[in-house]
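Paired with chain B in one complex and with chain C in the other, chain A is shared by the two complexes that follow.
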Partner chain A sequence: MSSSISNVFIAFQDNEEARPVVEAILADNPDASAAHTPGLVKIDAPGRLTIRRATIEEQTGRAYDLQQIHVNLVTLSGHIDEDDDQLTLSWRH
Partner chain B sequence: MNIDLQAREIQPLRQTFARVAAYTGDKPASRYLEATLGAQPAANFHYRPTWEPGFELFDTGRTAVRMADWYALRDPRQYYYATWTMARARQQDAMESNYQFVESRGLVGKMSDALRARACAVLMPLRHVAWGGNMNNCNVCARGYGTAFTAPAMFHAMDHLGVAQYLTRLGLVMDEPGVLEAGRNDWLQAPRWQVLRRYVEDTLVLQDPFELFVAQNLALDGLLYPLVYGQFVDEHLALQGGTAVAMLTAFMPEWHDESARWIDAVVKVAAAESPENLALISGWYAAYAQAAQAALAPVADLALGEQGAGALQAVREALDARARKAGLAV
Partner chain C sequence: MDTRVAKKKLGLKERYAAMTRGLAWDTSYQPMDKVFPYDRYEGIRIHDWDKWEDPFRLTMDAYWKYQGEKEKKLYAVIEAFAQNNGQLGVADARYVNALKLFIQGVTPLEYYAHRGFAHVGRHFTGAGARVAAQMQSIDELRHFQTETHALSHYNKYFNGMHQANHWFDRVWYLSVPKSFFEDALTAGPFEFLTAVSFSFEYVLTNLLFVPFMSGAAHNGDMSTVTFGFSAQSDESRHMTLGIECIKFMLEQDPANVPIVQKWIDKWFWRGYRVLTLVAMMQDYMLPKRVMSWKEAWEMYAEQNGGALFKDLARYGIREPAGWKAACEGKDHISHQAWNTFYNYAAAAPFHTWVPSDEELDWLSQKYPETFDRYYRPRLLHYRAQQQAGKRFYNKTLPMLCTTCQIPMLFTEPGDASRICYRESSYLGDKYHFCSDGCQHIFEQEPEKYVQSWLPVHQIYQGHCFKEGVDPTQPGFDPLMAVLDWYELNVGRDNFDFEGSEDQKNFAAWRGDAQPAAGEGGAA
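Coming up: the complex of A and B.
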């Protein structure tokens, strides 16, 4: 890759439960791009990617516990900074 | 022999149903949208209903509110049957454990007799108010138009029935079964309940489903629930050692806050559609909020004594603020 920033990525099973999460990530991270492969959605973003609970709740209209993403989470790369309201992947220490 | 396994992606020809794609475009839609959009029967009604031959079976003309698209009245909670039942089942589990907590520790017995009698005097007649709410929301569902509007109204009707059942169960835990009969007698005969009874019974015969929606869900419930479950149960009773009652009615304020989002969203979208709708709905709100406040004044007095009038005024101001936020001219 020519850029000096490495990508972080996160991948989910491509299903009904993961869809609002994917849509929330794409809404919150303008630089992120989603690739659909059979059964899987992989989202790449340069340097940094944030999942926000509030955005997922807007998508679903219901309260959401961020730990629910683990049901459909397949893989990820990047250092994790996580609390009740958000999960951020980045390469910063 | 080598077997070469390859993953091949098969693109579906359609991402969603044609009736949904007509609203959202051909992209994957949520289950809520698939259960809602385009589900309203709209054509090929061979016979007019014998009980109301002036209208088709499903007819937009039963209400004075005009919408170009009745599917615009979406539910922000995105309830369809599955999500609604799952949400209520979770709340039912929480209520069961509340009951278990209260019963295993004998919390009801630790309340004074006078406090228990007052809680029953206020809450038992409200079973009949909740039943009226059930009937009225069934009526909104039956006479309204557009699945987006009518399906949540039916859920709301069943929720009202649930509230009535929780109140019944509360009465049976607090006292002998005769307490239900006493509540019914108060509802039918005690002068202080007759204004509210008149309001409930007058709304039972309203013909316009949107007017009924405003009268029941926005005006009456918008005042009743904050007054009774907010001011009386959670503040007044709890301070005097009646926390058990607050635990056994925990569903009601939680449900009211949740369903208020739906009610506000419906009112907001319908009022923003046209100046005529805005004038109509604002007029209904003003009239019914005034009537509901008058109907609840004796109840506030029974529940909170001399603080009742102030508490009722406070919830009225909060409801006016809610209505203004939904875009009504208040």
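Coming up: the complex of A and C.
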């Protein structure tokens, strides 16, 4: 296997509720990229990806409970670290 | 009383700890070992259950709130779909056969998962693991119900769905997913989580739901997209339970490493074999295609699984034993499976067909190394035979692999022109396998697999006829007697799509107002 950093990813249903979350991720993670397939948006990032509650709230202008992402979450990879303010996916190699 | 103290709200981790560890207690009337007897005999050593890291910390109030939201969204879509005759909007009626396979072979697994997680949700000594498993058990019951509700609308209009539960326990190819899950359910709790949460959900489930649901979206099936994604939205928690359980076992004691590795080897291969059905659905049963099985395999198994096993290497875990063979199989298995189902279309309650020229070209483009060389000529031959009025139906019974229960349809590694056969003896009897992977699994636990309910063996032993049927009568037709026992409507549920009732009905319902394929202009 190669020694390059592996991607972590997270995917959401491609809908209006998920859009500010996706935009927040892309704003907070400059190396992340989003790919759209029918019904689905998948975001890949090398090694690490963070979702920040504050950035989503800036996007929408209202309070956001980070666990709301569960409603439109489709899949993810990597180890999870989650608290009230952020959710981080990462590989440790 | 008169000074109000501002109570600091607990953070997420504290809230979840209060619900799990905080509400748990050690038993005193009976020793803990006697109350939780099942999580030791597998040999997994746990020194400190408090080191269990909770995957996704949903407390009960949040769980009910978000699950309720998911349900409301889903049922709004299902209702709108039914009211607007959404079934007429799917790309073409062949697509519905993928849904038949889903309700027959996948939905019952959700129910098995519900039972399995309810069981381990009782039997882990650690409260964190118990709560996670209990929540998942409820999720799985929800999946079984929502999938059944969503697909019941199709059952009003199409054949091949009306006896899905009855078929699951009887029909030959459905013993593949059924035996997979029964194997997991009858293992100990740690092996069950390694099998279902880690190997199936974390490593492989993306291959089932993500491209397939995207395919449903592309084929105009909003109701399936929605139940698929609604189920999948729970999946991230399930996958995380899988990886947390693996890490927990590996971190608790180095003696656990070889046991876990053995389970990963076994369950990766078992899961990979079950996904053969999905590979076939993806490449052959979606009239409008999103990605090939091979592309999905590369994206979700090779890239993501590769990253995962690189990560677990620090514990001394390597990639599963069958990994390379599975990666080689990405060029072959969907074609080999479709060929088999095309052959046995008389004995299966869904339709098969030879793909159109345009679809064959798509397959050639997606499988440049193998499709034209091995698989296209065979399909063209079938088509020529059919057009000459000689549609071939294989009426003999195939030899099954004792472990995965799939007919012997896979080829030798490195030689796609030769069927792969392996054979082992146990207590004087011979057992047959489709691969080194399945043979190895058998040899680790022969006493388990010699009990397999192999459909072909059962038919030959006369266990698959209705009561009172006399196979010694002159003119006895064993296939018809088996189909009768299946409760399969011969001529409606089975045979080629070409000429089927589904095909005729769908064309009639859509009427002439619908443009024929290719004339619809830009999408």
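Keep in mind that, in the parts below, the second predicted complex is superposed on the first by the 89 of 93 C-alpha atoms of A that agree within 3 Å, B and C clash if a C-alpha of one lies under 4 Å from a C-alpha of the other, contacts with A are read in each partner's own complex, and residues count from 1 in each chain.
Keep this in mind: a contact is a pair of C-beta atoms (placed from the backbone, for glycine too) under 8 Å apart; a residue touches a chain by one contact, two chains touch by 3 or more.
As the structure is a prediction and not an experimental result, all values here were calculated from the model.
By the touch criterion defined above, A:Leu76 lies against chain C but remains apart from chain B after alignment on the C-alpha atoms of chain A. When the two complexes are overlaid on their common chain A, residue A:Ala27 makes contact with neither chain B nor chain C.
Judged by the touch definition given at the top, the superposed model places A:Thr37 against both chain B and chain C. More residues of chain A lie in contact with C than with the other chain of the pair chain B and chain C.
Under the contact criterion defined above, the residues of chain A that touch both chain B in one complex and chain C in the other are 37-38. Chain A meets chain C in the complex at residues 1, 6-9, 11, 13, 37-40, 65, 67-68, 70-80, 82-84, 91-93.
Residue ranges on chain C touching chain A, taken from their complex, read 11-13, 55-58, 62, 66, 69-70, 73, 205-206, 209-210, 213-218, 225, 229, 232-233, 235-237, 239-240, 243, 290-291, 303-304, 306-311, 313-314. On chain B, the positions that touch chain A within their shared complex are 7-10, 28, 30-32, 75-78, 83, 87. By the touch rule above, chain A contacts chain B in their complex via residues 16, 19-20, 36-38, 60-62.
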